[in-house]
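In order of appearance the chains are A, B, C, D and E, and numbering begins at 1 in each one.
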Amino acid sequence: MQRLLIFDPARGLLENLPPGCQPRHVEGYVWLDLNRPTPEELELLTSLWHFHPLAVDDCRHPHYRPGMAQYEDYAFLTLRCVQSHQRSLTGALNVFLGPGFIVTVHHEELEFVNQLWQQYRQDPQLFQKGADFVLYSLLEPLTETFFTFFDRTEGKIEYLEEEVFRRPTRQILNQVFTMRRQAIKLRKILGAQRDIINLLAYPEFKLVKEENRVFFLDIYNEMLRLIDQVETFHDLASSTVEIYLSLTSNRLNEIMKVLTVITTIMMPLTLIAGIYGMNFHYMPELEWRYGYFVVLGVMALLAGVMLFFFRRKGWF
Amino acid sequence: MQRLLIFDPARGLLENLPPGCQPRHVEGYVWLDLNRPTPEELELLTSLWHFHPLAVDDCRHPHYRPGMAQYEDYAFLTLRCVQSHQRSLTGALNVFLGPGFIVTVHHEELEFVNQLWQQYRQDPQLFQKGADFVLYSLLEPLTETFFTFFDRTEGKIEYLEEEVFRRPTRQILNQVFTMRRQAIKLRKILGAQRDIINLLAYPEFKLVKEENRVFFLDIYNEMLRLIDQVETFHDLASSTVEIYLSLTSNRLNEIMKVLTVITTIMMPLTLIAGIYGMNFHYMPELEWRYGYFVVLGVMALLAGVMLFFFRRKGWF
Amino acid sequence: MQRLLIFDPARGLLENLPPGCQPRHVEGYVWLDLNRPTPEELELLTSLWHFHPLAVDDCRHPHYRPGMAQYEDYAFLTLRCVQSHQRSLTGALNVFLGPGFIVTVHHEELEFVNQLWQQYRQDPQLFQKGADFVLYSLLEPLTETFFTFFDRTEGKIEYLEEEVFRRPTRQILNQVFTMRRQAIKLRKILGAQRDIINLLAYPEFKLVKEENRVFFLDIYNEMLRLIDQVETFHDLASSTVEIYLSLTSNRLNEIMKVLTVITTIMMPLTLIAGIYGMNFHYMPELEWRYGYFVVLGVMALLAGVMLFFFRRKGWF
Amino acid sequence: MQRLLIFDPARGLLENLPPGCQPRHVEGYVWLDLNRPTPEELELLTSLWHFHPLAVDDCRHPHYRPGMAQYEDYAFLTLRCVQSHQRSLTGALNVFLGPGFIVTVHHEELEFVNQLWQQYRQDPQLFQKGADFVLYSLLEPLTETFFTFFDRTEGKIEYLEEEVFRRPTRQILNQVFTMRRQAIKLRKILGAQRDIINLLAYPEFKLVKEENRVFFLDIYNEMLRLIDQVETFHDLASSTVEIYLSLTSNRLNEIMKVLTVITTIMMPLTLIAGIYGMNFHYMPELEWRYGYFVVLGVMALLAGVMLFFFRRKGWF
Amino acid sequence: MQRLLIFDPARGLLENLPPGCQPRHVEGYVWLDLNRPTPEELELLTSLWHFHPLAVDDCRHPHYRPGMAQYEDYAFLTLRCVQSHQRSLTGALNVFLGPGFIVTVHHEELEFVNQLWQQYRQDPQLFQKGADFVLYSLLEPLTETFFTFFDRTEGKIEYLEEEVFRRPTRQILNQVFTMRRQAIKLRKILGAQRDIINLLAYPEFKLVKEENRVFFLDIYNEMLRLIDQVETFHDLASSTVEIYLSLTSNRLNEIMKVLTVITTIMMPLTLIAGIYGMNFHYMPELEWRYGYFVVLGVMALLAGVMLFFFRRKGWF
């Protein structure tokens, strides 16, 4: 599905390209949004818009890693946002940015693109701030999707850490490893995205106007914050695995102490009982009047001594 | 709550803005302190002081990560100090620094801001050193809060390490992991704060006067020291976890040795007793006069030999 | 085996060198491909083509690590691709690139070289894009071999991770370690290859024409993606080892619990049976009418209490 | 305690400041050494020598981390040496270096300072090489203290590694962890010290004369060597911990094998003895003439078969 | 032992210094080789050759870490090669390189120095390529010693890894740790050596002629390859330790399963036997005709059920 906004300060807002008009050289500002585009719609990017075939190809199968390529008078960006209600963790947004136009391509419905589209449609004067400001207005909620994701996971990792302390199970462990896997992948994405934003905020990058640079610097600072968060998040998940291992090893010690205490107390008593169960003809103790009670007493005493000894060693 | 100091060398100290006066262009020096500001007070930063909306927004919800943004003729800083009597580990201080003014915004009572305020109120000649010197005078005790925190934790980590050696428990382990989590978080904050101080100390940063640069370099050196400390602190906490694991694994060996020694000695004796407890009609040893005592002797001998053998292998 | 293509816009395609002609200074474009070259064929690179002996030597025994050496008017490259149907993981491709010529040397049949050769032979006008474009057209499928490899291994690592969760065996572990070893080796290769592509894409590198630079930048971006992938891949393999260790330690705890529960329940019962198996003459209980049943009841009760106790501690 | 050397090529050596003379602008060379200075002596550094208060403050409580601050025409250094006969591992040396003077401040007796002092007192012509050469002559033995320390610890770590292989105990482990803690701390100190020496050896650093630069470069190379050593030292200590863990885990396996072999052999034999100890009225085997000996034989056979089986599995 | 080669294109080869001649300013090229030099021979480097005392001192006790110092018109290098037939892993080679001379100093017989010496003695025209080419001709085989070493260890590490999979013993583990220790040390040496070669290959380094630079760049590439190899080698050794730990932990699980299965089956049977060994006067089962066989049957059934249960849980 494609939709188009053309804003010419003199003539106001159009939603269709005037016939015979080259969209990249239109007067004013143009925003083309391709939502789950058909192959034919993508084809137009080469034939009508004259974008570089390598870039249009990347729109077909957007890369996992964010990237930017600069062509003579426009730039092509691949960006990533968190799309957590989907099966894959992230969604892609491709952008062509020129001095007076912006083209956005995405294969999934992106809520924040729709919202911005409505805003620009209702208040086309916003275009006066430039095509780069449209990009900023997209980057802002796109970055926000990561913050939302981390806020959610931060609470989850703390919950998992407490659970591990309470009762370390395989299910908990599985979730911790899943979260660390997400952190490993998001770290790569965010690192690449930060480098792109950094390039956009360079004074040498002419497609961003001087007065809008500060907005991209702000996004850049947000990226630095996100990278701090994803690293902290990864470290906390790794730390939780270490806690798990420490506690498991601690529990093993506890279990083995129980086993050893029981064995150490019971085995000698069983031996004594076994000895007086032997069938030798001549065993003087057996004839004693209170032999049986003496042996029971000795057993109780022995058990008591051992328990005392283990308690002093702090085994239970 | 807001409070204001205006110092004009010609007219002395004022505590209110003269009506119709633009605070950023006042003669002399201005310090505005917003302590737990109301939304209206924050609103004034945009309407009256004409600060950039992005910066004022950051004052509302100060970021976890320290940062700096430079605008035409002023800079906006987000700084962090340790506020350990609070639930969260750190508190935030936002600063707008201009050639003749400084605005400080914080959502918690900060003791060192109050002290400096009183000092400047009593001795307004201090303003002569410049607005940048006010910032330095704030950075100095702010940095000190980290040193105080590390002095305290340094003693604690050494105590925990000794405890782990004495008796490794879950409670100790829990504290060690908590400390390491704090180290992970503070390292990020200090790293970002160091970069900011570095920028302030650059000759290119015009808001700091040439003669005051050495003070910011001093703070920068203190940040390097703090980062060394937090890294050492993190390494020591990790090392303590490793000590814990090594000792637990050592204890497990000790426990298993006890179990094995007991089992190895007792089982053969129990077997012997069991054999002479069998009810076969024809068992010649049973009729021997001293059979019982011979068997007891053999048992004692066997136990002795095994004990000797285990001691030679160094098992106890 | 050697084969040659000479394309002169004026005279069309030749497949043999005109006699007495210096191949490096031929009019138009030359592509020499040496497939599993004989020593004599390699010898010609020095005697006829006048390449530097150090470079020709590297063609004889191509290095494991990709590299580039620049000579007066040509460059020598060692590249690596994945050749997974072979015993060794990677194959080598050596390239001499000059302003009007390209020489490719390889000791294994490389499918993508053959395909490109056929393409250029059928459509020699492709040479018009330059010798550097031939290099790009080789780099493109060469890089693709890595992507194909990672697509395959990505699925495998996820399968192994699930297997480890289901049933950790030595065979699975062996495969995980093999994959990590591959990741360690490919990371080195890709890192070196990225640096080479980066050099090729520099404006200072005169052998690549201005209009073709964007293609090499595209390959460079693909290399960055590959390095991200190999690092993620290595981290996931390491993570799987950690999962294995955590689960093994978890299983050990489960096993030890079973052992301890059984021992703790059975040993006291065995002791009781042993006590009433003693042969003392005077043991009052033995004469009781229901003594036997009372003892059986006591045993059942004891076992029940212990089971209840262990269940409450959550041991099974 | 303070002591002073003034060397004027024209007038020779003085040990007291001529009255009314500004020590920083004296003709010739001045060396002031403050050994465990009183507060009054330190006070003179501000009042008489006019050093910056921040620097004099650092002399009072020398920082743990080496550092350098540059003032208009002099530099202030905080250096660290190994003082292993003390409770703390390192001692501090503060130095003010000017074009014609050097001031050394230390709170502990430093042997190498005393020696150099005596040397300069006996041969004042040494001052001709400049104040920077005095600093070099101090840095040389100061660096040597680290080498001496590492030579000692290198032998110790190898001894500990062998001990761990021979018999892993808690005491050995404790020593290994102590050494690693020292390595963690020294690494930080040496890293900071290297950066300082690097600054001293820069051509831009005007307080070091052109002809003396090579000496500071030599010290810089020695610092690089020390950092290599401390890192190797840290890696070896960590490696020893890993050896410990591997061996402990190996020993646990050995212990468990003994336990399992004993249990597996003894338990079935005990069961057989128990079966023939049952009191059933009708048990045909009991009446056999050689039943007892048959059972003993079966037991021996069973034990033999199991031993053979375990030996084939390589368990002992 | 010292030996000298002087080559003057006009006069041919000399093996002694003409009397009264300053060796550093001789016409043509000079190569002095000091093999296990006496103190007097080293003394000549200061008195006759006028080298800097710091450099000559380093020749006496060559540093472990490769290094380079540049003096007015010559450079001093400390290099390391693998000398594996010696007790220490590496040997040192010191080199003074000047525009027309090279001095090599070593305390061990180095085969590749001898070979090059003979080559130059037989074909003195080689000197025409410059003193820097002599250095290259030494660096080439020196670098080769590392490659030879790694080829050998690469095979060994793969053998050890297979051994660990087959049967993890302490001896194998010891060898793995020894190899990793070598990797740790060689990595440091190679890192420093790479930096030196890099400096030699800089266009700013005037002692290497323009036409010879490509040879040093080739050595530099070889150093990069060696560093890749030593890192891979270290990673593989670490990976082998991890394999060892994983397998040990796996074996422990196997051992504990055997123990638990045996205990769980035998203990209840022993209890049953014990119960019917009690001496109560009234135990009805004892009088049953087939009581004994019924009990044996119950025991067999119980054992069978448990075996079936354990097999279903996959324990053996």
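Observations, loosely collected:
Here is the rule we go by: a residue touches a chain if its C-beta (ideal position, glycine included) is under 8 Å from a C-beta of that chain, and two chains touch if they have at least 3 such contacts.
This one's a predicted model, so the numbers in the text were calculated from it and none came from an experiment.
Chains that touch both subunit A and subunit D are the following: B. Minimum number of contact steps separating subunit B from subunit C: 2. With rounding to the nearest 5, the Cα superposition of subunit A on subunit E corresponds to a rotation angle of 145 degrees.
Where the sister copies subunit D and subunit E meet, the same residue numbers recur on both sides for under half of the interface positions.
Averaged C-alpha coordinates give centres for subunit B and subunit E that are 40 Å from one another. Chain centres here are Cα averages; for subunit A and subunit C they lie 25 Å apart. Residue positions of subunit D touching 2 or more other chains, listed in rising order: 245, 249, 252, 256, 259, 263, 267, 270, 274, 277-279, 283.
All chains join into a single ring; listed from subunit A onward through subunit B, they run A, B, D, E, C. By the touch rule above, subunit B contacts subunit A in their complex via residues 52, 54, 63-65, 67, 69, 71, 167-168, 170, 173-174, 177, 180-181, 184-185, 188, 192, 241, 244-245, 248-249, 251-252, 255-256, 258-259, 262-263, 266-267, 269-270, 273-274, 276-279, 283, 285-292, 295-296, 299. For subunit D in complex with subunit E, the touching residues are 165, 214-215, 217-218, 221, 224-225, 228, 231-232, 235-236, 239, 242-243, 245-247, 249-250, 252-253, 256-257, 259-260, 263-264, 267-268, 270-271, 274-275, 277-283, 314.
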